[in-house]
Amino acid sequence: MEALLEVVNLKKYFPVESGFLKKSVEYVKAVDDVSFKIYRGETLGLVGESGCGKSTTGRMLVNLLKPTSGEVRFEGKDITKLKGAEEREFRKNIQIIFQDPYASLNPRMTVGDIIAEPIKINRLAKGEEVEKRVLKLLEYVGLASYHRNRYPHEFSGGQRQRVGIARALAVNPKLIVCDEPVSALDVSIQAQVLNLLDDLQKEFKLTYLFIAHGLNVVKHVSDRVGVMYLGKLVEIGDADSLYDNPLHPYTKALLSAIPVPDPAKKRERIILSGDVPSPLNPPEGCRFHTRCQSCMEICKKKEPELKDVGQNHRVACHLY
Amino acid sequence: MELNREENVMLEGGVEKTSSPWRNIWSELVKNKAAMVGLSIIVILILIALFGKYLMPYDPNTGVLAESLQKPSSAHIFGTDEQGRDIFSRIIDGTKISLRVGITAVAIALTAGIIFGSFAGYYGGKIDMYIMRLMDIILAFPSLLLAIAFMSALGKGIDKAIIAISIVTIPEYARIVRGSILSVKENEYVQAAKAIGNNDMGIIFKHILPNVMSPIIVRATLGISTAILETSALGFLGLGIQPPQAEWGSMLGAGRGYFYNAPHIVLFPGIAITITVLAFNLFGDGLRDALDPKLRK
Amino acid sequence: MVKYIIKRLILLIPVLLGVSIMVFVVMHVFQADPASIILGQHATAEQIEKLRQELGLNNPLYVQYWDFLKGALQGDLGSSLITKTPVVKEILSRFPATIELALAAIIIASIFGISIGVISAVKQNSIVDYIGMVFALLGVSMPIFWLGLILIVIFAVQMHLLPVAGRIQIGLEPAHITGFYLIDSLLTGNMASFKSALSHIILPAVALGSYSTAIIARMTRSTMLEIIGQDYIRTARAKGLVEKVVILQHALRNALIPIITVIGLQLGSLLGGAVLTETVFSWPGVGSYTVEAILKSDYPVVQGAVILLAVVFVLVNLAVDLLYAYLDPRIKYS
Amino acid sequence: MLLQVKNLKTQFKVKGGVVNAVDGVDFEIDRGEVVSIVGESGSGKSVTSLSIMGLIPNPPGKVIDGEILFKGEDLLKKTKKELQNIRGNEISMIFQEPMTSLNPVFTIGKQISEALIKHKNMSREEALKKSIEMLELVGIPSPEKRVKDYPHQLSGGMRQRVMIAMALACGPELLIADEPTTALDVTIQAQILDLMLKLKDKLGTSILLITHDLGVVAEVSDRVVVMYCGKVVEKGTVMEIFERPLHPYTEGLLLSIPRVDEKHDKLFMIPGVVPNPLNMPKGCAFADRCHRCEEICKKEVPPLVEYEGRQVRCFRYLNHKEGKV
């Protein structure tokens, strides 16, 4: 398979200034040396708890954040160094949809204008063509043409998320980063949006990077899944293999922690002790060792590398 | 409360009419009686300022010394001042100066404040630091004191009063604009605007500024009242508009020597100032309630 | 904490330098020629030129500023053009009067403002709330100098309850200890002085404090309303605490943080407002002194007074920031 | 019965009309039981819990009808003072947002002590000692030190533990937990649920759990109440509800959740959106979205009917009982 996008040694450090007059700077290591590939036409899920760096990674792919170091190669070309017109040209290829449907639409623009804006800015159509495209896009995402002149506040959460999807589709992107697209929605609405994303993927041959903390949602939509913890990718593999046979102790704990809507299935749960450590001062060695039940001496000293364990499955743990 | 979001849920089928955010605010504002009273007074004041010369029974600037300090009567409904001029005519004449200074000073300060504040807030870093340091220096003075200092240096007159008052209020607007921009800059719709290829100016003017205008408009409306109060204070101290030109504050200042025996000489100009300032305050408060969904019920 | 104060004081240096440059430039570029003011209308061109030479007014502006700065650092802000007395001496002798008035006003404003605001918020949309807010609205709409004049007409001229003007009855001045008449008269046990000082300060303090009272009341009300809607207030109620504890402890304690900011800002603007109030009540403070100087174009005095008041204002703001740390455990200065 | 809610109705006045947020709700909780109220946003589940606590903000809200019998006494007839003595003492509550539910300017020690001083007449020192014990009970490390911390110094999970310590300090008989784990990460959510269940067994507290997460419901509850648009649509034991949901809404909800343990190509979809509370349909509130909708559903509001010893609000079972379908 061909990789549409390749992330190589991606890092993002946010500086935190402190100290008196002489500036001693500390860094929040939000994303710390992450590499993975996204293949054409697939959905790669990215899961992890808050602060693990999954959203930061997503924003770097769309060029909303500049990486501290590392490369993001889209169709072989490093996009992190693009500037000006080239950058604008590139933006068409990767779009993003956001978590909060109430915050991601400009409240002072009509839905039609919101969807038309990317078409106009990128000069994808002129005059009446723009309007035609807008109506077509509304139709794709399951909205009616009379919605065109409405304002975002007149819509429900699910409908707003549809508008966000239409805006992303407007520039014919190849890859869409879905940043927690259904986390803020009710269960019944969540299913509608997930099915819509699925339909659109088939219709437009889209590739998704699907970022979420809900493991059940990620499993449902993804072909492959990556698990992040404190800025590191700890495990990545085919969705079925990863869910049926999780290798990393963190993935295991995460999977066992999901409540399953079936009272008949009483499972043995792994309850992790303690909180996620501060990314300002991550533990030495394996970042998970402070909460790990299989922690060994080596874990406290040496950072494990992401190792291939066969069947497209890679894990960063000294156990393997 | 979980009800709030559901309030906005629209029925499939489009029964309800489309309402733009601005139209919502207006319908909200119309319901606010105090704001409407304020707005009506403002409209009346503007009419007086424009057509006042047809209402004045006497020439505001020439008096009959023999008729000085007369109590209110049918001939002079607000009485006469120390030079025998008709106070009613002078108050009408003073309306246009107060409004002109108040509105122009705010307009200048607002424009400058939006420019400084947007750049500081959007770009951050060094630009932010330099702009805000400059603002800090202006803010290091109590505003009236700084206005007095400017006036004493620039000399007297209406244009100079406008300049003095606008300079001292720029930092206030710059701060509000900067703060609002910082609060919406990280919003997802701004991120989305960036992701679809907008440039900085497009983001600032199309996506950020329209969404931060509410507190700025409110502040500007209330700022007009402050500016009118400061104009009158400068006039009272003898620094503002120069005689014989009628200005409410300087009328008070000039009448100060006579008010033991003729309190009407200070009573009416003061009432005029209070009503004008009150009108802008009422309207500004109403605007704030209409624009701030948190306070909306 | 000490480190933070030092840091803030160091950061004040560029601000104060900026302040002094601004005042200096404004005064020197736009001001009428001081030499002709000193010499009066009948002076000849040669006389004026000679005096300009002596005063150093022909030097480049930066040289003049440098001389001024050198003097200022040694506590010399020049002398009055008219009385020839040193500006610093004049200002310092009047300073306690201004501070006493401003403090009296801010105390009145804080007590009334916070009480009205809290009551209005708790009784939102009741008649009490409306009355409180109408008064607050009037308070922010009346010019304080006009209110001062009206108060004089009512309480002094018509009712003869309180004195018209001045700081104390002449001859009753207490011995100088702090410079504040109210405190000095109490310290020396001079009740006649205290009564006279108190009766003199009431009207100007009320006039000066009215605007701040209104601002504080409005601010307190809106802050309290916002806080009463917070989750942690619901938690306090869920614990079964009585409403008084919920409002006065849980809500007001949080509301104090923004309220203190407003009070600090008001204290600063009171120093500006004092210019007006002192003029109306012939209060012998820095404000009325400055106004006289402005009218006589006595620029060293204006310059000195403005810089000094700016310094006080900046220090007040620093004090407010430090109070924050005490009130809000989330803020730690290091 | 520890708590019996009968025909509870709570209204809110909003711009444009009156919303019946809770519209005739009945359910009960026995001692030592965990009962879950499950529903989506706008279903009235949170308003129900706040009504029980007497914490509905008035205005705009008001309980207009019904009874809330706690140990046989109607809470709606109690005076303000009596209610204050019950709240935090016999019934306590924890909330969804541990980040905002603690007062930022007081130490957690003070915040836990408050209830003890008020309800148990403890001195400051006794209350603080008890607070430390409570912190230890909820699994906060080095509680003697933590008791002096301010909320902002704790993580989200720790704060929710503090909330639980505070709620349980006076030994309440009923704990109302309103979406206690929604704002927390999955691994922390597991910790908190585990803690709540352990403490329930240890202290014998009954729990009323308000949540939208059917997974959580399945894991912890004994009995379940499903709400839609202010009404109870179905009640039953947790097994009954999950094994054999009767109401089409419950059925749809269960089918629309993606599951880790099963793989479907397409999710079942409940079409449409929740009706506007200001403009409720005439018949069954769910009729427009229902895959089993019949003519009568659009005309009349279905009653809560007994069916196989359970209760469900749907015409299908009314007819069934009468032998027509």
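Each chain carries a letter (A, B, C and D) given by its place in the written order, and its residues are counted from 1.
Just so it is clear, a residue touches a chain if its C-beta (ideal position, glycine included) is under 8 Å from a C-beta of that chain, and two chains touch if they have at least 3 such contacts.
Note that the structure is a prediction, hence the values are computed from the model and not measured.
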item: Any chain that touches subunit D and subunit B; value: A, C
item: Contact-richer chain pair [A-B vs A-D]; value: A-D
item: Per Cα centroids, the chain farthest from subunit D; value: C
item: Central chain of the complex, centres being mean CA coordinates; value: B
item: Subunit A-subunit B separation of Cα centroids, rounded to whole Å; value: 47
item: Intercentroid distance (Cα basis), subunit D paired with subunit A, Å; value: 32
item: Computed distance of Cα centres, subunit D from subunit C, in Å; value: 54
item: Mean-CA-position distance for subunit C and subunit A (Å); value: 55
item: Per-residue overlap in subunit A, given as positions that touch at least 2 other chains; value: 156, 159
item: Overlap residues in subunit B, where contacts from two or more other chains coincide; value: 5, 9-10
item: Numbers and ranges of subunit C residues touching at least 2 other chains; value: none
item: Residues on subunit A engaged by subunit D in the complex (per definition of touch); value: 49-50, 156, 158-159, 186-192, 194-195, 198, 213, 215-217, 219-221, 240, 243, 253-265, 269, 271-273, 275-276
item: Residues of subunit C that touch subunit D when the two form their complex; value: 229-232, 234-243, 250, 253-254, 257, 327-330
item: Of subunit A, residues touching subunit B in the complex; value: 59, 62-64, 88, 91-92, 95-96, 98-100, 102-108, 110, 117-118, 121-122, 144, 146-147, 149-151, 153-157, 159, 164, 167, 170-171
item: Parts of subunit C lying in touch with subunit B, wherever the complex brings them together; value: 14-16, 18-19, 22-23, 26-27, 29-32, 137-138, 140-143, 145-147, 149-150, 152-153, 157, 222, 225-226, 268-273, 275-276, 279-280, 290-291, 294-295, 297, 299, 302, 306, 309-310, 313-314
item: Interfacial residue positions of subunit D with respect to subunit C in the complex; value: 53, 55, 57, 80-81, 83-89, 92-93, 95, 97, 100-107, 114-115, 118-119, 150, 152, 163, 166-167
